[in-house]
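Report on one structure; see the data block that follows.
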Amino acid sequence: MALLVEKTTSGREYKVKDMSQADFGRLELELAEVEMPGLMSCRTEFGPSQPFKGARITGSLHMTIQTAVLIETLTALGAEVRWCSCNIFSTQDHAAAAIARDSAAVFAWKGETLQEYWWCTERALDWGPGGGPDLIVDDGGDATLLIHEGVKAEEIYEKTGAVPDPASTDNAEFQIVLTIIRDGLKSDPKKYHKMKDRLVGVSEETTTGVKRLYQMQINGTLLFPAINVNDSVTKSKFDNLYGCRHSLPDGLMRATDVMIAGKVAVVCGYGDVGKGCAAAMKQAGARVIVTEIDPICALQALMEGLQVLTLEDVVSEADIFVTTTGNKDIIMVDDMRKMKNNAIVCNIGHFDNEIDMQGLETFPGVKRITIKPQTDRWVFPDTNSGIIILAEGRLMNLGCATGHPSFVMSCSFTNQVIAQLELWNERKTGKYEKKVYVLPKHLDEKVAALHLGKLGARLTKLSKDQADYISVPVEGPYKPAHYRY
Amino acid sequence: MALLVEKTTSGREYKVKDMSQADFGRLELELAEVEMPGLMSCRTEFGPSQPFKGARITGSLHMTIQTAVLIETLTALGAEVRWCSCNIFSTQDHAAAAIARDSAAVFAWKGETLQEYWWCTERALDWGPGGGPDLIVDDGGDATLLIHEGVKAEEIYEKTGAVPDPASTDNAEFQIVLTIIRDGLKSDPKKYHKMKDRLVGVSEETTTGVKRLYQMQINGTLLFPAINVNDSVTKSKFDNLYGCRHSLPDGLMRATDVMIAGKVAVVCGYGDVGKGCAAAMKQAGARVIVTEIDPICALQALMEGLQVLTLEDVVSEADIFVTTTGNKDIIMVDDMRKMKNNAIVCNIGHFDNEIDMQGLETFPGVKRITIKPQTDRWVFPDTNSGIIILAEGRLMNLGCATGHPSFVMSCSFTNQVIAQLELWNERKTGKYEKKVYVLPKHLDEKVAALHLGKLGARLTKLSKDQADYISVPVEGPYKPAHYRY
Amino acid sequence: MALLVEKTTSGREYKVKDMSQADFGRLELELAEVEMPGLMSCRTEFGPSQPFKGARITGSLHMTIQTAVLIETLTALGAEVRWCSCNIFSTQDHAAAAIARDSAAVFAWKGETLQEYWWCTERALDWGPGGGPDLIVDDGGDATLLIHEGVKAEEIYEKTGAVPDPASTDNAEFQIVLTIIRDGLKSDPKKYHKMKDRLVGVSEETTTGVKRLYQMQINGTLLFPAINVNDSVTKSKFDNLYGCRHSLPDGLMRATDVMIAGKVAVVCGYGDVGKGCAAAMKQAGARVIVTEIDPICALQALMEGLQVLTLEDVVSEADIFVTTTGNKDIIMVDDMRKMKNNAIVCNIGHFDNEIDMQGLETFPGVKRITIKPQTDRWVFPDTNSGIIILAEGRLMNLGCATGHPSFVMSCSFTNQVIAQLELWNERKTGKYEKKVYVLPKHLDEKVAALHLGKLGARLTKLSKDQADYISVPVEGPYKPAHYRY
Amino acid sequence: MALLVEKTTSGREYKVKDMSQADFGRLELELAEVEMPGLMSCRTEFGPSQPFKGARITGSLHMTIQTAVLIETLTALGAEVRWCSCNIFSTQDHAAAAIARDSAAVFAWKGETLQEYWWCTERALDWGPGGGPDLIVDDGGDATLLIHEGVKAEEIYEKTGAVPDPASTDNAEFQIVLTIIRDGLKSDPKKYHKMKDRLVGVSEETTTGVKRLYQMQINGTLLFPAINVNDSVTKSKFDNLYGCRHSLPDGLMRATDVMIAGKVAVVCGYGDVGKGCAAAMKQAGARVIVTEIDPICALQALMEGLQVLTLEDVVSEADIFVTTTGNKDIIMVDDMRKMKNNAIVCNIGHFDNEIDMQGLETFPGVKRITIKPQTDRWVFPDTNSGIIILAEGRLMNLGCATGHPSFVMSCSFTNQVIAQLELWNERKTGKYEKKVYVLPKHLDEKVAALHLGKLGARLTKLSKDQADYISVPVEGPYKPAHYRY
């Protein structure tokens, strides 16, 4: 795909796979709107006052139908938006087309190369001569990373004249990042500083990105305020858990049509994502084995009737392996060699280094047979036995299926809208320093409340007397900060 | 699609969507083989003796990857095979291509018109001048129906010279059947008699087809022996139950991406299919309401914590409706008008008359918006509210997804192979009269046994003493005929 | 306990533990009536016409609260009743007291010796000089057995003058049976013949008793008609399955207070009882392993995510063992020696020979520590490691808890009432020969229907058109005989 | 029961129901030890160094078998212990007897009056002239309350000479508290001050007690350091959740033998306790309806397929009602009047004011029929319809069954031991101020780790490289403080 920016008739930039899919995307968008009451409520509540009037928002987050409803919620509130995906396989091309045609500048397609991925990210951050975005919606932290690395490089360049050397790292992806920054330095040695200066803040979607932010906060290197959306209860305990419970079997079925009942499924990691995955596999009739490092999570798995063992214990008897850890090097090529023929190996954690794809790709004599896009059989030369890798080791629910369903994403994305509003509204008050914040509980409860009506639920109301008895306001928030749900 | 028969270089006839998908089909076939231990065992056990040498087998059964493994098991045992699908939407085009290229005459593609459907059925039954097939593998009974109706028409024609009048029926599909028979009479007034005379028997796959057979047996009109494969335990209590438990959510997810958790799902009918569907919905986090006519099945639903109500009670509050009854007129257009906006309505029973598609299509002012193939939003003019119909009211798991997974189909299809072998081996012994038979229990148990190893199971062996104590042979069968499992 | 028959003020015979518990029994009986709509409907429907007027009914069936409601239904319909329990531990003494005081002659208490058990059985069958009962309600077939063995002995005695020799058998219990018969011969050498001649028939409650009946039918030795109540769908698929799902954890909790979550539970046998037990253990958070001889049942277990192994594979790692097979010698003392310290071993099948209690009791040096009645720790001398045996190897749900709950027993017992009515009403028509019968499906459906209202269910009604389409009457029955539910 | 303190031969004080049950208690204690690996590990790890040498510990916590193992762990570590129960129905008399005979001063029996209850509490706090205990193990906070109220009264008395007036409150229980304090003032006006001065701190077991502590911390009235054991993950997410999942059905079954399957169960509150209760009811086959005030918890319930309504919506159609809220006035007498005949109403929250027992007891014409202890049927005069109240509205799992099983209590109580050690070891360092603390995460993880081996689990170990990648120590703790599990 030639990396040329295109323009709509109205002059808005984009780069998508196939603009003719815009109508299809629009139809699915309309379906999704009915399933996303939180976002639609935001449009109703905030739309008339146009709170984002004048705000430029850059998003780096899976360009799906659900994200499209988020984007159009941001624009309905007055924002201008540029968007890229945060995963090379996660874009739904019809969603990208609909948004590119109707609402925002989109740079995303399913099946980007890493080179293309970072080009898209750069495009989404590039708002022209006036600097970058006012706000970032980030997922995994790549947009945030690029700015931080850019600023760091510009500082070194200013002091020493040295530019980043892509050859200084083994990591293929980081080489690309350094190249982009190096090339940027040539055209504008203050590019990332300008971005940083303009930026009001970022709201981060996922566990992995949040970890990076807290690390930067600890190191004192965080350049702008950040809201940790992931740790809203209505995000991490819903999207991560119930979303994956839905999308793991969806991805497995679409990619392999395999019968889950009767199989042995190994779920590596029993955090929120792992809990959702294990529940899904158990419910579908699989026998589930969990691997864990944390004794508390391990004990939770046991209480649900799941077996807790090490990967080594079960590597040769299981049928399905799912990594959910957020850590790296979970399933190595040497593990894969011990697996049964046609064992399925997939990852639903944010990054693709949970599975040792590099080890697999470079294993002497290994043969890759692509069954269909995102479903590959890798055959080892000695045994002639193969394993099935989904989505090339990346997020299988987005690579092989369509990610999480609209309803649960409505919870997550309503948090995003509220976080963006919060950053923007307080941009001049100094409320938010260069730190990581979570949303206050009353907003978390509000997000939940917006999603009850659609499911026909009726809440009980506290009397004043009862509220006093348990020392909470009648209208909430109802729980202390440390409450675990 | 022009209805012209094509030929492979080896001269075998076929009509499929796209022969270039044959390689893709072959890859998926190879994956499926690993998941179908029963069929692969048949190849190993019976292949060397070529028991089907000289047998012509016609199949009318969803032309999927799993069926492809069945077909190649039949050919591996020596048979010649011609095949069509038994549903206009159920063909997987890559499976059809692979089989057409490599193994058998296939007439099937996804998205046939009814006209095309019956043309394919006729092609599959047409073995040239020497009469029809020796054996039929039927699913729903359409191949069997055509022969029975053909013979009936030929008898009338012989006696009275009258030919069938398509205008004599309102049923659009039956008009096509009559037309085919009428046209056949012109070219060969003994065509179906020749078929009948040659036919050794039929093995029938599904509840609906079996009902038709028993009806014909009661009426004394059955023209050849039939084996009821559906009521093998390893078929009806596995494929119908666990197959649907897998494929209902699969179809829902692929068609609509809707979040099942939190929704109200109405399952009409709580037979084996309904039990699988209700279990799937419950496990995915839906609240399930069952409708039933049979008090025993209703009480079973209640024991599982499901609510039992009438459709009328819940029509306006539910989100997902699934028909599984095998009966007709379950959800009428007047019901659909009362549903919530974007309620999903689908059928997983054999025939498409469970949902009143005709009533919907002819409703004044109704508007059909095709989101994507097999997913339509129908909007009523008065309310501007719409419902989502999957697979045009036909089997949604085959129309919107890929049907049941290989492993459970291996159980069903191993029964088919055994039934076909039984009919063929006993073709001259008179063992099977013009009646409907079920396979003996020891074969049923054998089918199950062939599927245990793949799942790592180890059976306990009875001692002679224990076997005597409960009055069964050490090697089985272990249960009386009336045992319900 | 001195075996002396006592009499109420009204002159009715009884022998129970403690008549002062009658009030308590009555209160629980009244609670149970609300939970047993089927039996209460029988009282309403049939009570006024007193169909059992003149009928003597002997019951040998666990003397629980639920059975008490059955007994009072029989008396409400006009019968005279004598009752004993069919298990030495299953009597609820307050239930026995209430019935003895108010309604029928009862001979039963919790913790009978085997000697006492058979004395009670004999008392229940002894209606005085005029012969035995007209009808028997049997559970496990001990009352039926006694009559059959008695008749056999009387025939030999008549021919040869020989009386049964208790020393001719090793089986301690059968020695008692022979002694009773021998002693009976002395007082009346036609006692059992008279019983046989009067007897209209028996209705049998459970799988084990039914097996005995079919065996006698095959051997041609069955002396009177029998109705197999066990295989009514509303019995075996409800009581056996849902009853055990309820009462297994109940028994485990009352006997041991052990936490089930996290434990490994081995369920031996995956029939209806085993399915209920496995479901209960899985739901409570145990990891369940099934042992099976039947490949079909094994495959069902696998489809539910349960592991299928042999006892040997898991004997040393599991925490809870439950036998449900109806066979003997399932867990032998050599297995028990390999178990973990404080492994729990229990039986929920009808007879106590599933667990090798004799092997355990006679194991050299073994020590029995009674924690409380029905809960014993047996310590092996070499390892000093112990296992926990519940209810001395007998039905643990009745020995350690109160058996199945009222609602599900109402299904079973309504079948019993209907079976007894059927036998009695047809006693002169010759409808029932000396064979085993099951109730017709329309009565089975009726039993279910009587239980729906209590649970708030609403059935759908077939239209005439729909009924014709699937070839069933509008009012049912709705399924063919072979339907498995 | 005459309130006279008795003494063992060794001179230790006690007051229990029946000392002859001590042997039985000892046998059950020995079984429990095998199920409580955390406590037994504490004995092994800390026993030799006798860290509690010289410490006086008073406990106010359900005097069950599991608590007995806790007490003997404290004494094994060198402590002297006095104990009372924190609920009038929760004592297991055999446990109390065994401990009273062998290990500690116990004042507790099942079925105390409120008067007796507070007498026991006072006895447990009374260590003689030298002041009170060094440490308190509290559950619900009654021991802590007594001291705080006592100190308050002494201060007023010192200033004004006024003594507390029991007539100043309507609350019957608080009248007793005031009477005790008033009487104490007469004998020693510094009694509670001495206690306070000696006290090192309290560790509190449950949500309700913790709420009281935080309230006192906010008000600045907390008199000594407190460790909040409840909010250790290994307590609140295990005991509260999995404990109640086990003990709710246990209590229901023992109290009523009711069939849970098919029933409608209303769970008021969906916190940890409510989640466990709802899961238990759902798994047992009930249809579960949740009432909630908190939209987040409500949305969680919906995601599990549970219906969320108000009590008013369902009061007349449900069969079982369980309160789990920690709030008051959840089910009022006017609600009860609308319920179905024999609806079961019970509470599993700490205090008995969730159910309006006072309203029920004083309802004109209401009739109480005691089925058996802790199971009462209350009949309303107008309808003659009754409801079943369990445990007089108090904790039904402890009143009607035996509370939570040993394994999960081992988690909770290991936290207690660690908390007590922490308070004692740091008693002179000033580490703990007059505030509420939670245990650090590494201790929480340790508690979990101690319970894995018993369940056969094997943890995965992080490599150094992986640990660095996610920024945690190789040996943990593995999660940030805000992690919700």
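The first chain written gets the first letter, and so on, giving A, B, C and D; residue counts start at 1 in each chain.
Following the convention adopted for this analysis, a contact is a pair of C-beta atoms (placed from the backbone, for glycine too) under 8 Å apart; a residue touches a chain by one contact, two chains touch by 3 or more.
A quick map from chain label to UniProt name: A, B, C, D = Adenosylhomocysteinase.
Owing to the predicted nature of the structure, the values given are computational and were not obtained by experimental measurement.
Peer 1: Among the listed pairs C-D, A-C or B-C, choose the one whose interface is a repeat of B-D, with over half of the contact pairs the same by residue number.
Peer 2: Comparing each option in C-D, A-C or B-C with B-D, the repeat is A-C.
Peer 1: Would you mind telling me which chain pair, A-B or A-D, is linked by more contacting C-beta pairs?
Peer 2: Looking at A-B and A-D side by side, A-D shows more C-beta contacts.
Peer 1: As a quick test, compute the distance in whole Å between the mean CA positions of chain A (Adenosylhomocysteinase) and chain C (Adenosylhomocysteinase).
Peer 2: A distance of 58 Å separates the two centres.
Peer 1: Quick one: chain A (Adenosylhomocysteinase) and chain D (Adenosylhomocysteinase), Cα centre-to-centre, how many Å?
Peer 2: From the centre of chain A (Adenosylhomocysteinase) to the centre of chain D (Adenosylhomocysteinase) is 42 Å.
Peer 1: Listing for chain C (Adenosylhomocysteinase): what residues touch at least two other chains?
Peer 2: In chain C (Adenosylhomocysteinase), the residues touching two or more other chains are 242, 261-262, 285, 299, 302-303, 307, 455-456.
Peer 1: Using the touch definition up top, name the residues of chain C (Adenosylhomocysteinase) that touch chain A (Adenosylhomocysteinase) in the complex.
Peer 2: The contact residues of chain C (Adenosylhomocysteinase) facing chain A (Adenosylhomocysteinase) are 261-262, 282, 285-288, 299, 302-307.
Peer 1: Which residues, counting only chain A (Adenosylhomocysteinase), touch chain D (Adenosylhomocysteinase) once they are in their complex?
Peer 2: 211, 214-215, 231, 233-234, 236-238, 242, 272, 291-300, 302-303, 307-311, 313, 326-329, 411, 438, 444-446, 448-449, 451-452, 455-463, 465-466, 469-471, 476, 478-482, 484-485
Peer 1: Show me the residue ranges of chain B (Adenosylhomocysteinase) that touch chain A (Adenosylhomocysteinase) in the complex, using the header's touch definition.
Peer 2: Against chain A (Adenosylhomocysteinase), chain B (Adenosylhomocysteinase) makes touches at 24, 27-28, 31-32, 34-35, 65, 242, 245-246, 249-250, 253-254, 256-264, 283-285, 317, 341-342, 369, 371-372, 377, 388, 401-402, 404-408, 455-456.
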